[in-house]
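Below is one structure, written out as structure tokens; comments come after it.
Letters A, B, C and D mark the chains in the order given here, with residues in each chain numbered from 1 onward.
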């Protein structure tokens, strides 16, 4: 006995090629479909709208397929009301829980639509009530759910909205026709600078996510200049970026970068381990700055300019620095706590922290990923950060150019 | 006022090209040198010996240079006695602490040489005493030192020994003249198989370190066969390998591998998040197996064959699985606890966990790293795991061939 | 004053995502469009059909856009008759010449449709006449056109046909749902084997395109076995593959493959240059085989089994071998002369020769490209060989497995 | 019956690690050795000298080993006189011909030492005589030897000299201690600029070798500025760079660069083929410039500034442009004819032409290779261009920075 549901999707369906993946999903989940209606926008800027009836063998399969389709911006024509179940165990969602996207999401409960406060992918939706009346719906990661919480199940009563910005927005249109044929790299630098300026003008924060390559490629002075000029509000990184930066500041030595191969040489090196011990002795990076132990570099600049940073550890860490969250789930919580009011995100030279940040970032925040390795950029998009714009280039030269663009006095230095 | 020390190094100095890096280190640390004596082994299998006087501006620089040189197997001609200081803070070594290598190490205290029990790089040396007499010297990572412990400082009284195996050992000589010109890949597979068999014959354990690529490339059945046949005693991995393996076992679906690009497609996918929830509900992977929830795959095979695994989390994890160490420092401790009696280590398709394992593994344990990405292999050697042998190849085909070699009945399946 | 034309395209428009690139092309050429009609196939296997009116500023732009769109399988609804102009110079097409695709193509002249004999991309269409009546229409590369020839101009009177095989064909459906989740690599090997067997069963030839990596990865014995068993009818390669193969056969030495890095080490080596001199002295590879100078390897196997090979030189060649076409345009002609009756093409470990072959191969011939470097596979598709299936894997292990699959007695050797 | 020869090598033997490869060569050629004497330079800047007796089974093996060792700068202690044989066939060297290195080379004939006029690797040495007296010794590639020429055989009577510049030269010491830790990329740009200025000051030419990536990354305006300012005397390239440059100049369109992936998208595109036809109609690039057809871009700048270029074809070429040498051996000859007085060589974004140029360039000419792909840089060194300095970076940003450094007015543009 098969079950069906009618769904719809609208927007630049034809340009974006989104229909192919939608139909692939249906097949992958063992479903079948009929395209009931396809209204095609006739001209170059018109939207299209498709209505599709999907059929699966049973309701569980159907609910899961509907959730899957929502990651593509496909909603039920008649969404109905959301179903809710109670979590029975800490850290475990009820069976059939609704698995979230990072898109703007609405949930219908008791005939009212609620906006989800903090869209994040791969979470559950928890209904917060006062006097048994729903007042707020939030995403919650699996590890944070507690027994007794009300969790949305199934795909009914939920609508997501795909940002059309990527195609329509003229101010951040990488790879669009407004990219001059003459100096594409320079145009990209200018667009990233513009994105940051706009975020700042709108009172939003600029979030950086960085790997040790920022230090290895010699971009620390450029980044320091941008911290001072107010273009770095928050930094997410690991133990490596901070330690290499501090090591360079403490020992004034070259880090042994093998420039010919474009990669940092990691020596397993006593400079490194001694720098860690020095900061651990002070108790924190801030203490090391305040005690005059740490006098330069990126971390120093963040501290003296009262900017935020979240360092999260990994299994390969030495030390680590006292500021590093060694528990990765605690680290994710610390990162989430900094996301409010972020209006632009730049990811530089790190796959691990870029994917981690992509996991928790709403799709509505402009996101640019810069790496010399195309795989990092690809990985991020594969993970579902569809808003990500990738730039495959040399991190050191890129940040140098970005500093020249953003900080007029930097060039004269 | 400059200070000097005379050091020596012996072995296949000329073949191995180790002298260049030694002299580079001296320059990098601002030192100078005179080669006092250079006895060259005359024939093709003879060892050479160099005696070098190194000079720096002050004693601190000299001690640090001497520690650095020990990572190359360079010892003081007259090592003297080790100096010891007391740690004053938890998690902080005394100033001037001796930073360890992963080489077999001896320490001289009260005119006696002690073997270091567990060589590991980038740690300190802690002297354990009974009735104020030293009884044991152990490496301890920075995060585990406690106030009051006795820690070796400076480079005096310490000798390291470079394993000559890499060049002399005929049974594991990758890239040597016994590599047939005909089928190099097949020879490599056979050599890895032989290394595992030898470890087992010697009563040693075989350690695997794996990334999700093992599952993505379709090598799970091959690995399961090797688990059953006793060639996988311990697995170090992250949340991803275990979750993807369990997801495939629970949902029987293709993981959406983009075979044309040789990489796994990560959907940010509700299969993934639902598999995590299912195991979390059971409380552990073992419970899921015992309750009949998990009935196949690599993790299942490890459980039913009573093999060990250590899963350590990372900041990009969803879930994670209940067995995952979310604290990376705890995770490192759990990994260290499994190293005893390891006689062979195979690393497959993971840069993060390979480097993490390389960090804690003694240099005396044969180590092979297989990845389609040359950077993973290079990174491992750069970090100081000089014993690492790298094989750049397709992980799926390699494990398939390895299973055929190790498990005669696998081919017939 | 703008000009318009109505075009149509049919097939799996929605799955394939082909409409996005079509609309991108229109914008790139400065055109505008209206979608007049869009008939959507309702079910999972139905075809769709779109009718679009495109508009540009002048006729030249329109003709060029129409040619561009034909590379996507878009034809004019009312194609009319083809226009023809006479070439005035050797090696130069008339202005406005029709630039070909590699798709099956029909041309309408004097109210009759003619099939183009040999579809090839980026060529012109030459009308051959007898008694002033068209008898045949052939593609001709720019360098081969001669003054006085009749060449088709503009996009009128031409229809191309996009092969639907890629999506519909069940027997060669890489990346489709029939790819088992269990052993994807093994499935790929088996599908390539099946493609070769089918070509042979249909009386077609199997074309190989290879780079020196075939020799470096130790796959020469596997390839020799496949030559003997009749699965290599023609080989396209450069001087390098043949010379490295012959060098290995003559000197019985390892080629100094750096297996740890998965790449061949090229010594600039006197073995290499001496092997070249030896064959040059004999006058040809065949003569070297017949005189007993060359007694093994891939080239030897091709000669003794009377198989064909075309070697084309490049600017980096030493020697070259006497059989190498040093004029690349002559080399292209020699390659074209071997294409008749090719029914399957396997490209292994060469970007240069793969792209060169992709340039001249009709889109109707199944094409698989195997390389450890994803860029090679991507490049081929970017160039317009849309039928290409890519496999990113280790060439040595892949050919070993393919030989085991195709040549039962190979495994026993 | 074994034969022996005593050889010597001097220089920075210990820093450079050259002895390991020398001993590897001896083993690879089946020889044995005894190190007779090893005088080690004691201090940091002293040279060392080793005297080694090598033994092989027969004289042919010995001669070949001696030639091989000369590529490492190893000479016979007692070189004796060179032996000479007559070529019997066009394009074929006599058996046992001396295979050259790209190092400065001297040949001893009739008790006199002659300098080889034009060192080039993998060639033979031809003795030119007047009245039966040797007057000149030149390298000649295999394809250019003619019957009757006198060719040096065996390794006797030959000395090569390894340039010590790489280590001693302070002005071009990449990766040395004078590379500031602060801005390594900027330092590299400045060093390349300095190398070009020095070459020019010494009255030498600057040779560029480029791939189409120069155009794709938007660096054409930067390169044009450097052509005008006199920093590009000769360009070696293929059909692709010139065609893409001309296509951009003729059609003013973006080339469809996929900036997000850092690679050019090659459309198989009628722009491309039409640009080729346009220039072919003019007869040459120069004619197209003179007739006002081509009005901008790199090729235009070379023509109007009377700079030289050599374009050599490859098997994947469309067209090609009328200036392209379609015969690769002719192309090599044309390249050789431009090498005189070259004092600096910059290779950008091309593996094929970089290796081709490395093949014919004397080792004494400073050589820098810039590519985003580390494999290109590695390949060049593997081939024997030991003087090559590699920079793995973004080509577009690098050339932009180089133009800013070399052409003060460029920044203001």
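Some observations on this one:
The rule is short, and it goes like this: a residue touches a chain if its C-beta (ideal position, glycine included) is under 8 Å from a C-beta of that chain, and two chains touch if they have at least 3 such contacts.
What you see is a predicted model; the values in this text were computed from it and never measured.
When chain centres are set by their Cα atoms, the one at the greatest distance from subunit B is C.
Annotation: the subunit B:subunit C pair of sequence copies touches via predominantly the same residues, more than half of the used numbers being shared. For the two copies, subunit A and subunit D, the CA superposition rotation is 180 degrees, given to the nearest 5. Subunit B and subunit C have centres, each the mean of its CA atoms, that are 45 Å apart. Our note on geometry: subunit A versus subunit C, Cα centroid distance of 40 Å, whole angstroms. Residue numbers of subunit B whose C-beta contacts span two or more other chains: 28, 177, 253-254, 263. The touching residues of subunit B, when paired with subunit C in their complex, are 174-175, 177, 179-186, 188, 217-218, 220-221, 248, 252-255, 257-263, 372, 374, 377, 389-394, 396-398, 400-401. Contact residues of subunit D toward subunit C in the complex are 28, 64, 67-68, 71, 89, 91-93, 97, 99, 121-122, 141-143, 238, 253-254, 256, 263, 265-270, 272-274, 276-277, 280-281, 312-320, 322, 326-332, 335, 352-353, 355-356, 359, 375, 378-379, 382-384. Considering their complex, residues 14-17, 19-20, 23-24, 26-28, 32-36, 38, 40-44, 50, 177 of subunit A touch subunit C.
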